[in-house]
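Below are structures written as structure tokens.
In what follows, chain A forms one complex with chain B and a second complex with chain C.
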Partner chain A sequence: MRPERTKLLYLAPALAWIFAMILFPLFYTIGISFFDYTLGGETEFNYGLNYLTAVQDYRLWNGLKVSGVFTVVVVSIEFLLGLGLALLLSGRVRGRRTLRLIMLIPLFACPIAVGYLYLMIFHQRGPVNAFLGLLGFVEMPNWLGDPSLTLFTVGFVDIWGWTSFMFLILLAAIESLPVELYEAAQIDGASGWLKFRKLTFPMLLPTILIALTLRITDAFKIFDIFVGLTKGGPGISTEVYSMYVYRVTLEYFKFGYSGALSVIFLLIMMVAINVLFLFRRLRKW
Partner chain B sequence: MNTLSSEKGRMDRRRFVTYLGAGAIVVAAAAAGGYYAGQRPPTVTPTTTAVAPTTVTVVGPTAPTWAPTTFEGYKNLYDVPVPMPYPYKAPPGTNITIAVLAAGTRGVISGPIYYMRDSWSAMTGATVTAVDIAFSDLFTKFFTDVVTGAGKFDAFITGGNWYGDLIKGGYIVPITDYLGPDFHTMKTVSRSTNTGNNHVQWYPPGTESDLRHEELLKWGKDWYGCAMDQDGIMFYYRKDVVNNEDNKKKFEKEYGYTYEMDVNKPNNDIWWDNQMADILQFYNNVHDLPFRGNPPVQYASSISFARGFLSWMYWIVLAGVMNVIPGPTVDRYHNMFFWDPETMEPTINNEGCVKSLEFYVDKIIPTAPKEAMGWLLGESFDGMLSGNAAFSWNFGDIGRMASDPSTSKIKGKVGVRLMPGAMNIYDREKGQWSKLDTPNYVANIMGCSWHGVISKFSKNPEACYDFFSYIAYPYNHFRLKAKGWSGYDPGRKFDFLPPNGTADVQAYVYEGWDEGDAKAYMEGVWECYYAPKTYQIFPRIPGMRRFEETMDVRIAMAAAGTSSPKDSLDGLAKDWNAIIDDIGRTDMIKAFQTDVGYGKPYTKGIPWA
Partner chain C sequence: MVGTMDRLGTFVKYAVVILVALWVLFPLYWVFMTSFKYPIEVYEPSMIPWLQFHPILTNWFGGSYGEVATGGILQQARGAVSVEVLSALLNSLGAATISSFMVLLLGIPCAYGLARFTYHKWKNKDIHFFILSLRFLPPFALIIPFFLMLQFGGLIDTLPGLVVLYTTFNLPLGVVLLRDMFADLPPELEESAMLDGDTRFSALIRVALPLVAPSLVAAFLICFAFAWNELMFALTVTYMHARTMPVIIAQIETAQAIQFWIDAVWVILALLPPMVVALVAQKYIVRGLTLGAVKG
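Entry: the complex of A and B
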């Protein structure tokens, strides 16, 4: 067999997978977003009316707002915490192997189970408020019933679960940095902060961008913890974008409209990731 | 040439990969074959034997003992699975798969399915597979199954509110053919013989359901379900606390008037605006109460505000008394709610509804604990059953569960009455408020009123009907309703105590009820359903799931304070108009008018009164 055909033969399963699991669903979704397609009803081409309806839909804007605020806050905190812990545990710290292992435990927890677990922990009469009572608090926060608090409560749960991910990636990157540069900097009398600013951070930047990209896309499409903890309430204060798309798809059965919502989401994420990757073009840090 | 090695006896890379791929394909094929072979359903063999009836002989529908009227009659039947000859035999290997609410083998609505299936299997030779599904996924799973034609389920335990979509698409089959002629009167036949099979007679004289709940089993002239659960929202109170004389004296001193909660005592009118609001506020100041009861009450109201499980109903029944006006017929302005039946224009944001939501947000919500913002239905039950709450308005489950020591700390302390009325009602026709001399009370059958319906894709529809008729069979049905865990609320003649019905209170005591609680509960439920001069319907039109979901969201926003009541209801009217236009306004007008019985005379709904 000719070498080119052999290569295609070996590539065929992967190509088939990409087509079946990525390309076909993508183009199908884009296609149905231009139809009024309701399960059990008639399908009709509607010239993109779904997109016009979407921009006038208050729940779409609410979902974008909730998901956006959530993503920015939790990813920032996870990054800072993960970086700090990675820097700390990359050095000579007693018990660092045990500490590293403990840091990874939240990664193995099932998100929906974590959601239900924290439902009990943050219950009005749960352990958190009991502890606050011991500290002398009289008026307990309504962690999951106060619209001004609930999103941050869910954010706390996400930070607990995903800081480990940041920690793991950044720790691996830190440990692969060349030691000689730090020895040279040490000889030149560079301070710790100067070493971080001029050596560590610039060398970590590509890894940081990858880690942020992964976490931002993941956080923006989060669903499971919100279902377990709040179901979008109180009101719609924690109804993230993916939750609304789920409702439109599986409660309203409006597949055409949910296709439009999904395409809008895709476009937003593409823009966001491209903005993030503009940082790679920075030549001077 | 690519080779692993040029040494003699070693395999080259191409051959190695070829053998590896062939081996993988063989293993995969073997695994797939093994998997599908394992999926073949086992041969069904009933493992229990039918218990021969010993005490009851069927003598026909005119016999007075079709429903147990004495405790002795009930007790004798208690341990007999089916106290009559039962000739229906399913074809060999028949299995029916039923989708039920996920509440477990002794949980609400699903429990009776598990409880009854073994004895039914022993009689008929068929088996029942119950599939538990969470409430939030129920409609999705049903609808997807029938619309896609997957046909995984033979039958579903559905809420009556979902009929619109199921009927519109022709996804469920009527059971009219199995019922036989003269079904409702049952004067001449003892069993249906239309199909050549006999099924247990579940609706003879003396076992009637009230007409409004009966309507939920039908669409137009066709029947689709057998009686199972008969829901409504009742008003519960801690009678040891609320009837305490010291508390009442203090209330009178503070507010200048007194009240009477018990419906069997005189002057027992209660109305929301503002009497009930005052009473809730009084009992919310628990530390100032002379008597808090045992267990001591911690707050006034146990209702829930979380999204996802019918929380909007707590407001709807309040809005009903301020907006539904009685009249001799079901017309545009009388006995009507939700929509204008001529135009399907939502009336949910009229002045009366806005005022009721403002009342709810300002005066009612502050009397519930803060954590109720995140409560689902079970927690609102628990707030009352644990003794923490002085009041709750909720489904019939609380009354049934109050006597069960595993779930209740308030056995013997529960009062039940019809929902408070309103002294000011909004007249849509005149566009103004009317002040009344006596409260406007509104009956309601709010709730799912769960019952089984048969999928059009079922290969065993008759077996499904037979199982559901077996559950609805009076002896079995009464037994299940008397059990606290079943989730079946009263509504048939044999549920109520005399003079309203034919039950013996000792039958309830035998099942563990407190006698006083049982009497109060049955009297209160009766009052809830029949005492008022008008009622609030439960819409069953197409798209109902979408109407419910949008209402759930908007009311939750108002309850959480993220939107004003007026903005919430204006937004809701806009959402509903969009849904109606999407489905088709003309079709929706027709469906809604059929559903409410537009133009028909108003009926109190008691066929045996």
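Entry: the complex of A and C
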């Protein structure tokens, strides 16, 4: 056998699996998005009618809005908290190793279980409200029943879980920065803020960009903790995009329409990722 | 003056460390304590066992709560660890373990090829990027074809069905992680083994694999944890026999009045295995979560 062919044999099993189990299904979804395809109904090509329906569907816009607002708010807070903590705790702080270990825990915590866990924490008679009672509050907030609070509550839970992610990544990056540059800046008498602005931040930017890209794309397709905490309610005030598509598929059985919703989401994701990487190209890293 | 500022800075740092640790650990501690409380106590803000409440194991394994707690009526309570839940735990364990092995089996040759050979028609970088980009796919875009494919194969609500889906779900991550591990390994050892008569493949098996063994374990564990935690696919393709632990939790009916003392046990059972994984594979986790982009 020619060596070129042998080399391909190494890739073959995994790539074949990916083609059969990811690309083929993906094209199937794109395909059915052009059909009127529901459980029990006739399957007919409908010339993109699903897409026309989609842009007029207030629940789609609601889902985009909920997912979008959620993503922007939680990722910003996670980023700022994570960066702040990493900057504060880089270098020699006692207990830092233990803290790193503790911060790993939420990263692998089963998200649906975390959702239920916080159902207990934010329950009307749970520990959060008990604490507020100690502080002298009388009117307890209904964290998961009040439409103006629920998204905030779920956001809090996400921040609990994923600030760790930002912290650990940025801490690892900060600790791998070259010490010599800082020593030089020290000799030149640069202030802490100047060192951050001129040295730390620019050198961290590639890592920050990766961390943000991963977090943004993950938060935008979030599903699990909303299932645990709100099931989209009250009403549809916390129905994230993933949950809406899930319902269209497995509760309303509109498969063609679900396909169109998936394709729209994929397009948005592609634009978002390209925008994020545009920054990278502009700065020529 | 400088001394005071330094001491203040140190104090602030320690205060932050302690606060953050408490903030992460408190919810977990709370759910643990809830699982050891009498049902009537779950809304009490008590959290120190023996001092503030009497811890019991009845919520876990069933039995009687005793006369005091039930107002004189002795009732046999069903524990949270029922046959149903044990079978869900076994399903989770089986699906996560077998699928992670499958990922290694399929992923190792591919990762090795990408790390060691140069491909021409499709460049290594492009293949790598293509595999990376699969991570951004939202799972809901695949649930209809996945359901139909499993139905076609008679695999709905079966463990093999879950294994197929989780292998798919983790394979891109597995390949990317393993590729980095092989790329970090100096090629000379395999080359000298090949001079001694090994083929490329036997050099991979005999020389390279043992050297990356710790990384392999880490990749396996990371895949295991992701499969264990997965919800949407499991919710789509299982309904009775192959339900996983996350599905059990997602299907807790709020209608039958939430039984926090029972739910707490289930939550702990779902949380524990991946947490153990996180602690065992700690060195590799940042790498795993950033697809190798950041080496923590």
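In this section, the second predicted complex is superposed on the first by the 279 of 285 C-alpha atoms of A that agree within 3 Å, B and C clash if a C-alpha of one lies under 4 Å from a C-alpha of the other, contacts with A are read in each partner's own complex, and residues count from 1 in each chain.
The definition used in the following text is that contacts are C-beta pairs under 8 Å (C-beta built on N, C-alpha and C of every residue); 3 or more make two chains touch, one makes a residue touch a chain.
Every value quoted in this text rests on a predicted model; they were computed, and no experiment measured them.
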Clash or fit (per the criteria above) of chain B with chain C on chain A: clash
Chain B versus chain C as contact partner of A:251, first or second or both or neither: first
Contacts of A:262 with chain B and chain C, given as first, second, both or neither: second
Contacts of A:40 with chain B and chain C, given as first, second, both or neither: first
Broader residue contact with chain A after superposition on the shared chain, chain B or chain C: C
First (chain B), second (chain C), both or neither touched by A:147: first
Touched partner set for A:76, first chain B, second chain C, both or neither: neither
Partner chain(s) touched by A:125 [first = chain B, second = chain C, both, neither]: both
Chain B versus chain C as contact partner of A:236, first or second or both or neither: first
Partner chain(s) touched by A:58 [first = chain B, second = chain C, both, neither]: first
Chain B clash site on chain C (candidates 1-9, 109-117 or 199-207): 199-207
Chain B and chain C footprints on chain A, overlapping residues: 123, 125, 250
Chain A-facing residues of chain B, complex: 136, 139-140, 143-144, 147-148, 165, 169, 305-308, 369-374, 545-546, 549, 553, 556-563, 571, 582
Touch list for chain A against partner chain B, complex: 38-40, 58-59, 123-125, 142, 144-147, 230-237, 239, 247, 250-253
Complex contact set, residues of chain A against chain C: 4, 6-11, 13-15, 17-18, 21-22, 24-26, 28-29, 32, 85, 88-89, 93-96, 98-114, 116-121, 123, 125-127, 130-131, 160, 164-165, 168-169, 171-173, 176, 207, 210-211, 214, 217, 221, 223-224, 227-228, 242, 245-246, 249-250, 255, 258-259, 262-263, 265-266, 269, 273
Complex contact set, residues of chain C against chain A: 12-14, 16-18, 20-21, 23-25, 27-28, 30-31, 34, 42-43, 45, 47, 105-107, 109-110, 112-114, 117, 119-120, 127, 131, 134, 136-146, 148-149, 164, 167-168, 171-172, 175, 200, 225, 228-229, 231-232, 235-236, 245-246, 249-250, 252, 258, 260, 263-264, 266-267, 270-271, 274-275, 277-279, 282, 285-286, 289-291, 293-296
